[in-house]
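Two complexes are shown next, each including chain A; its partner changes from chain B in the first to chain C in the second.
Moving on to the complex of A and B:
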C-alpha cells in the first residue's frame, strides 16, 4: 500500500510535463506565430527586401512609390474617415440603446434578434443591402408608386464617394456586436442598484446610466471597440461591395496591388499594407487619447450636479434607430430570398412576376462545391479551436490562477491587426511550409480568427462553473480526465455549442484568409458571393448569398436547440 | 489496516461494508493566505466512527482546511504539515486517490445526470457488472428512503431528498474518512434535525473518522464529539 502511494506521488510529479501543460504554448504558436511571421514577411518587402523578386535595396523607396500611385492619398483619407465615422456611430448607438433600454423587455427581445444577425456573414448583409438600396433596389420598387417613377432613378445610393453607404453596411453588424458585448459586460457589473440610486436622486434614465454605469463598463468593452475600429478600417469584402471603387479603401487598394499581373507591384503593395497597419495602430492610439479627454470632461460633468433631461428623446431615438437597423437586416435577407425565387422581376413592380425554383435547381450543382468547402473548413476550424481552447481552460483549472488580462490582449491580436497587413506574409510562410492552397493551410488560416471568438465566448461560462462540482467529483474518486469528460463538458454543453456556432459563423464569413491561404484553389460561399457581386445575374447571386447567410444561421439555431434537447429530462440544466 | 478507498486487488468487496480501524490524523497542519496566518500549526486525531467538530466564524479558514485535507486547496494558499490516513501520509496524493469523502453546504448533484447516474458515477469500477452496480445503487437509494428514484431528475427532488442522495453518493465512493463542510446550514429546521442524525448514524455505522466544520453550535451538540475552535482571534470581523 505504501509503495503504491509512493508511485502515485511520482506519477503526479511526472504529469507536470504532460501535453496539457503545453496547451497554452501550443495555442499561442498556432494562432500567433502566423500573425507575427506574416507581419514580418510583409514589413520586409515594404522596406525593399524581397529575395523572391531579387530585390535587396533596403530603404523607403517602396513607401514613396506607394504614395506616388494615383489615388493612394484619397484612398488613405477615405479609410480614416469611414473608419472613425463607423466606429463612433456604432459605439454611440450601442451605448444609447443600452442606456435607454437595459432591463426592459424590449432590450431582451432585441437581443434575441441581434444574436442571429451576428451569425450572418457581413458580406452577405452588405450584398443584401445593395439589393435594397440600389437605384433599382427593392426600396425604390416599393416606393415607385408614391414617387411616380417607372425607371430606376439617377441617384447614387451605393458606393457613394463619401463612403456613407459603406459606413451604413458596417453599422448593420457593428451595432449589434457592441450591444451584445455591452450586455455581457453589464452582467459582470450588476448595475441595477446604482441606477435605482441615481434615479432616486433625480437623474433621468440616460443620465443615470452614463454617469454610474458607463464608466464601469467601458473598460470591459474597450477591446471590442478597438476591434470595430480596426475592422472598419481594414475590411475587404464589405468594402468591395459597398465602398467607392475608384479610388477604393486602402485595404482594397492594397489587394489590387498584390493581385496585379506585374509582380513588382507586390513591393508597393507590401508598403501599402504596412501603411494600413500603422494607420490602424495610430487610430487606436488616437481613440485612446480621446478616451482620456472624455474621462476628464466626464468627471467635471458628474460633479456639476446637473441632472439632465428625463431621457425620453434619446429613448425614442434609440428605439427608432435599432428597429430600423433590424428592419434593414431582415429585409436584406428577405429580398435575397425573393430574388432567388423570382421568375422575372421588372423594375417598378413591388414583387416578382412569378415564383420559380428554376434558379435553385439550375445552380444547385455549382453552389454545392463552395458550400461543401465552407462547411468542411468551418467545422474543422471550429473543432481545432475548441480542442485547443478546452485544453487551455482545463490547464488553467489544474494549474490555478493565470494572468487573464494579458491572455485577453493576446487573443485580440488577430482581431486588431488588419488582415491585409499580415495575410500576405502568412501566405509567404505557408508557401515555405508547402501548405498553401491545401486544406491544412486553409483551415489553419481560419483558426487564426475562429479561435479568439471560441475562447472569448467559452472562457466566462467555463470559469464561472462552481468549482465545488469539480472538487466533489475528485473526492468521489474520479480522475481529473473523468471529471473533464463526465462533469465539466456535459455541464457546459450549452455554452460550448454556442461557442462552436459563433466560431462557425466567423469562419463562414471570412473572405481574405480563404483568398490568401486557398491560393485560388478553394472557393467558399463568401468568396463566390463577393466575386459574383460585381456583376451578373441577380437571381444567381441571390442563390449564393442566401445560402451564405442561412448556413451559419442554421448552425446557430441548432446550437441553441440541441443542448436543450439532449438535456430535456434535466430541469437543472435548463 | 483499513479496507476501501483506492482500488486494491483481491476478492470483490460488498458495497457498504464497515470500515473498522481507519484513523485520520493531522500533524502540525497550518494554512497561510498572502502572508496572513489563518491556521497556526495544529495537530488533530479523529478515530474511526468519531465526529470531531471544528467551529469558527466565516473566513477563518475552516473550509480551506477541508480543501487541504481533500487535496483541492487553491494555489493562493500556503499549507504546511502532514495528513495521515491510517498511518500513511497522503499530503501529496492526488485528490481522487485519497479516499476522503466530502459533503458541502449544497448537495452539488450533477444536474445533467439522473439520481442513479449520480450514484454510479461515485461507485468504483470493481463492483461487478452493470446489473450488480445498478443493484448497489438501488440498495443505497432504498437505504436513504428513496426507493425507485433511480431514473429521477435530481431537479425534481425535495431539498431533504437531494441532501440524502448526496450523502449516499459520497458513501458509495468508499471513502475512508468523511469531511462535512456545513452540510446542514441550508436546510429548513425540520429537515435539518432528521438529516443530521441520518449523516451521523451512517458515518458511525461505517466507522468513518469524521470532521465537521460549522458555525452552528446546534450542529456540534448533535455530533456529540469533541469540539475545537479555530480562528477565534478573527472573531470580530
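Moving on to the complex of A and C:
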C-alpha cells in the first residue's frame, strides 16, 4: 500500500514538479561551481599561467619562487604543527568529555552553554582572548597585586612562536563544535545499553565508552573532524589576531602576497594557495592513515582484557578543562564589555577607572553600517540556503531516494577546501560575471559556507519526521505542495529556525569571503573588528567586537524563543 | 603630458586670481556638482587611527547633507592594498566601474599607481578650494617622496614624524639614534617600533638612515642595485645592535603606530611614535594617555610628508570623489581636521589666503598640552625617494623574518 502510494506520488512529482527535480542540481551549481572554478583559477596562476599579467610559462617556477620567499618554510611548519595540534587536542577533549559525561545532567547543562558559544564569531572570541591573555590583559591586571608588578611583564603570551595561543583560540570553538557533533551522533547509535553492558563487565566509564561507543560514532563525526583540521590550517581571521606574524601562518602569508602592490607576487601567492590546498588534502590523508593505525593498535588494546580505572581522574580532568574553556569564552565576552564601557583603564588596575557610555555613543553611528551589512548578508544568505535546502529535501521525499554519504561529502567540500585556496579564483570569476563588490556576489560567497550548515542541521530532523503525517495528509486530498506548506514546515519550524540561526552565525563570522567578494566595498562587523584589531584604541575595538559577538547570539536566542511563541497554543509542538 | 600639465597649471593660476566666487561658480564646477549628486564614493583609507575614522564619518555626513554624495569608508590596514585593488582590476580589463573611487595615498603607493597609469587626472586645478587656498608651488605639495605630483593627487594634511613618551616615567628622552641605542641597551624591552610592513615602522628605519648616512643627497635619487647595500650598511649594523634589546627581544612588533601608543599607555614601552604632532594631546584628551605624556623630535629633525587624495582611473564616481576632496580642502573641514581633539593633522591651506574669520579660528585652536608648535618641530626632513622605502622593507624581511 505504502509502496504504491509512493509510486503514485513519484509519478505525479515527475510530471508536475520538474522545477523541484532540478533543485539538487541547482544547489550543487550554486555552491560548488564557485569553489571548483575558484580552485581552477588559483591553480592556473600557481603553475605560471596568468594571461592578464602576460605570463604563459607553465611550470614549477612559481612554486619554487614561493618557497624561496623569506619565511615561507617556517610559515609552512607553523601551519602544519598548529593544525595537527589543534585538531588532536580538540578531538581528544571532545571525546574525553563525551565519554565521561554522556547522559549526565552536567552534559546537558554544558551543551546548553556550548551552543550559544558556537554562535559567536571565532574572531570575536580570539580578540576577547587577547584582551584576557596579553601581558597587559585582564588576567595579569587581576594578578598584578599578587605578582607584585606595576608594568606588564615583558613576556610573549599571545602570538607566541609555537602558535600555542593560536591553538588555544581554535580550541575555544573546535571543542564545543566537536562535542555537539558527537552528541548528535550519539543520538543515532543509542549507547546506553552497550555502555551498561560494558560497565557490567567491569570496564571503567572511559574504557566502556571507548570500546563500545567510540568505534560506532567515529565514522559519524569523521567529516567534522576533517573540517576542524582543514579549518585550523587555513583560517585567516583568527590567525591574524592570534598567530605569530613574522612569519605568519600560510593562509595569512598568501593573503599578504595577494595584497602586494607588485602584482607579479600573485603568482607565488597562488602557488602558496595551492601548497595550502595540498597540505590540507595531505593532512586529511595522513589523519586517515592515523585512523587505520589507531584502529589496529586499538584492537589489540581492546582485547587485552584490562578493565581500566573507574574514570574519576579522566572525569575531573574533562570537567575541569570544559569549565575552563567555557570560563575563558565568557570572560572574553565580559572583558570586551568592560573595555567598551571603560572611561580609561590603566595597568595594573583590575577594573576600569570609571564606566561611561561615551565610546558607545561616539561610535554607534559608525557601527550602524557594518551592522546593517552583516544583518542583510546573513539573512539573505540564510534565506537562499534555506530555500535550496528545503527544495532538495522535499525532492528527496518525493523521489523517495536518499543518497546520504555522497551528498554529505559534497556538502563538506567548502568546509574542507581552504578558503584561501579558492576565494582568490572565485573573485576572478565574480569579476568576470560583474558581480564583485555588489550584494549578489557578497551573498553568493556567503551561501557557499552557510548552505552546508543549514543542510546539516536540517536534514536529520527533516528525514526523521514521521512519514505518516505526510501520507495522511495526501490521503485526505491535500496536494504535495499543500502538505509541504501546511504540514511539514509548521511541524519543522523549530529545527528550521535553529538551522537559520546557525547559518546566520556562520555568515556573521565569515571574514575572507566578505573581503574577496566585497572588494572592500562591504564591511561587516567581523571585517571591521579584524581590521581594527591590528591596533589602536581598545575601547573602540571592544564596541565593534562586542556587537559582533552579540548579534549572532541574539539571533540564536530568537531562534529558540520564536518557535515556542508561534506554537504557544500547541503544547505538543514544543 | 608634462606640457599639458604646465598649461593647465598656468590656467589654474590665472583662475585663482579671480577669487573664490569665480571658481566655485564656474560652469565646469557646477556640472561636476550636478553629476556628483546621487553618486556613492568608496574611499579606501587606512583605518588604523580612530580619530581619522571618526573624522571621515563626519565628512560622510556632511557630503551627504550638502552635496547628496554618499561616502563610504573602505577601511584598510595595509596601504599596499590601494595599489593592488585597482591594478588587479586593470589587468583583467575592468576599465570602468572600478570598486574604489577615492584613495588616501602617498609615497611609494602613489609612485606605484602613477607608474602603472592607475590615476585619474590631473584634476586638482578643477577644485575651487585647491585653487583658492592651497599654495600649489609649495614643494611639499608638488612632489610626493620626490616624485612629481602632476595634479594627480591633492594634499589634505601634513604629517611629521614625532616620538611620544611619558615624562613621568622617562625624564630625558633619547634625541639621537646613538642615544636611543644607549637607552635601549640600558633599558632592555622598553623600546620598539611598529612592524616594518607598516609605514610607521619603515619610516622609523628611514629616520635612522637619515641620521646615519654620510651623504644624504643619495636618498633623493632612486635606490640602485649597486648603492643600496653600501648606503644602508651602517643602518643594519646599528639595527643588529639594537634588535636584541627591543621589546619582546625584537621577536614581536606592534602592528602600527596606534598599536604602539596602546603599549605606551599600558606601560609596556617607554616610547611611541606617530605621524601627527598632535596625537599625544588628543589621546590625553580622550583618556588613553596620562596627562604627563609629551612629544619630542630628534636633534637632526624628523621626516615629514603630506597626505594626499587621489582618484583611480576606473572610478565610477569621479565627480563625487572630487566633491569630497574639495570639501576636505575647505577651511571648515581643514580646521576641524587640525583640531587635536578631533583629528589633529596639520592643515595644507595657506594661511595668507584664508578669509580673516578662518585665519583667526586656526590661530585660536588649542593645540593641546603635548603638542609641538611648528617652530619647535622645525622644517621637516624631506622624504627619500620611494624606492628606498620599498627596498628597506624587503631587506628587513630578508634579514629578520626567516
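Methods note: the second predicted complex is superposed on the first by the 558 of 574 C-alpha atoms of A that agree within 3 Å, B and C clash if a C-alpha of one lies under 4 Å from a C-alpha of the other, contacts with A are read in each partner's own complex, and residues count from 1 in each chain.
Just so it is clear, contacts are C-beta pairs under 8 Å (C-beta built on N, C-alpha and C of every residue); 3 or more make two chains touch, one makes a residue touch a chain.
All values reported here derive from a predicted model rather than from experimental measurement.
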{"item": "Contacts of A:469 with chain B and chain C, given as first, second, both or neither", "value": "first"}
{"item": "Superposed model, chain A: greater residue contact from chain B or chain C", "value": "C"}
{"item": "Which of chain B and chain C A:246 touches, first, second, both or neither", "value": "second"}
{"item": "First (chain B), second (chain C), both or neither touched by A:288", "value": "neither"}
{"item": "Partner chain(s) touched by A:521 [first = chain B, second = chain C, both, neither]", "value": "second"}
{"item": "Chain B versus chain C as contact partner of A:151, first or second or both or neither", "value": "second"}
{"item": "Contacts of A:487 with chain B and chain C, given as first, second, both or neither", "value": "first"}
{"item": "Chain C-contacting residues of chain A that also contact chain B", "value": "none"}
{"item": "Touch list for chain A against partner chain B, complex", "value": "1-2, 4-5, 8-9, 12, 399-401, 466, 468-480, 486-487, 490-491, 493, 567, 569-573"}
{"item": "Contacting residues of chain B [partner chain A, same complex]", "value": "1, 6, 8, 67, 70-72, 74-76, 88-90, 92-102, 104, 106, 108-114, 121-122, 124, 153-156, 169-170, 173-175"}
{"item": "Chain A to chain C touching residues, read off their complex", "value": "52-53, 70-71, 73-74, 135-136, 150-152, 154, 156, 159, 161, 244-247, 256, 258-261, 263, 266, 343-344, 346-347, 362-363, 365-366, 369, 428, 431-432, 436-437, 519-521, 523, 527-528, 531-532, 534-538, 540"}
{"item": "Chain C - residues contacting chain A, complex", "value": "42, 44, 47-50, 53-54, 57, 72, 74-78, 80-85, 87-89, 91-94, 99-100, 108-109, 112, 188-189, 195, 197, 247-248, 251-263, 265-268, 286-288, 290, 397-398, 400-402"}
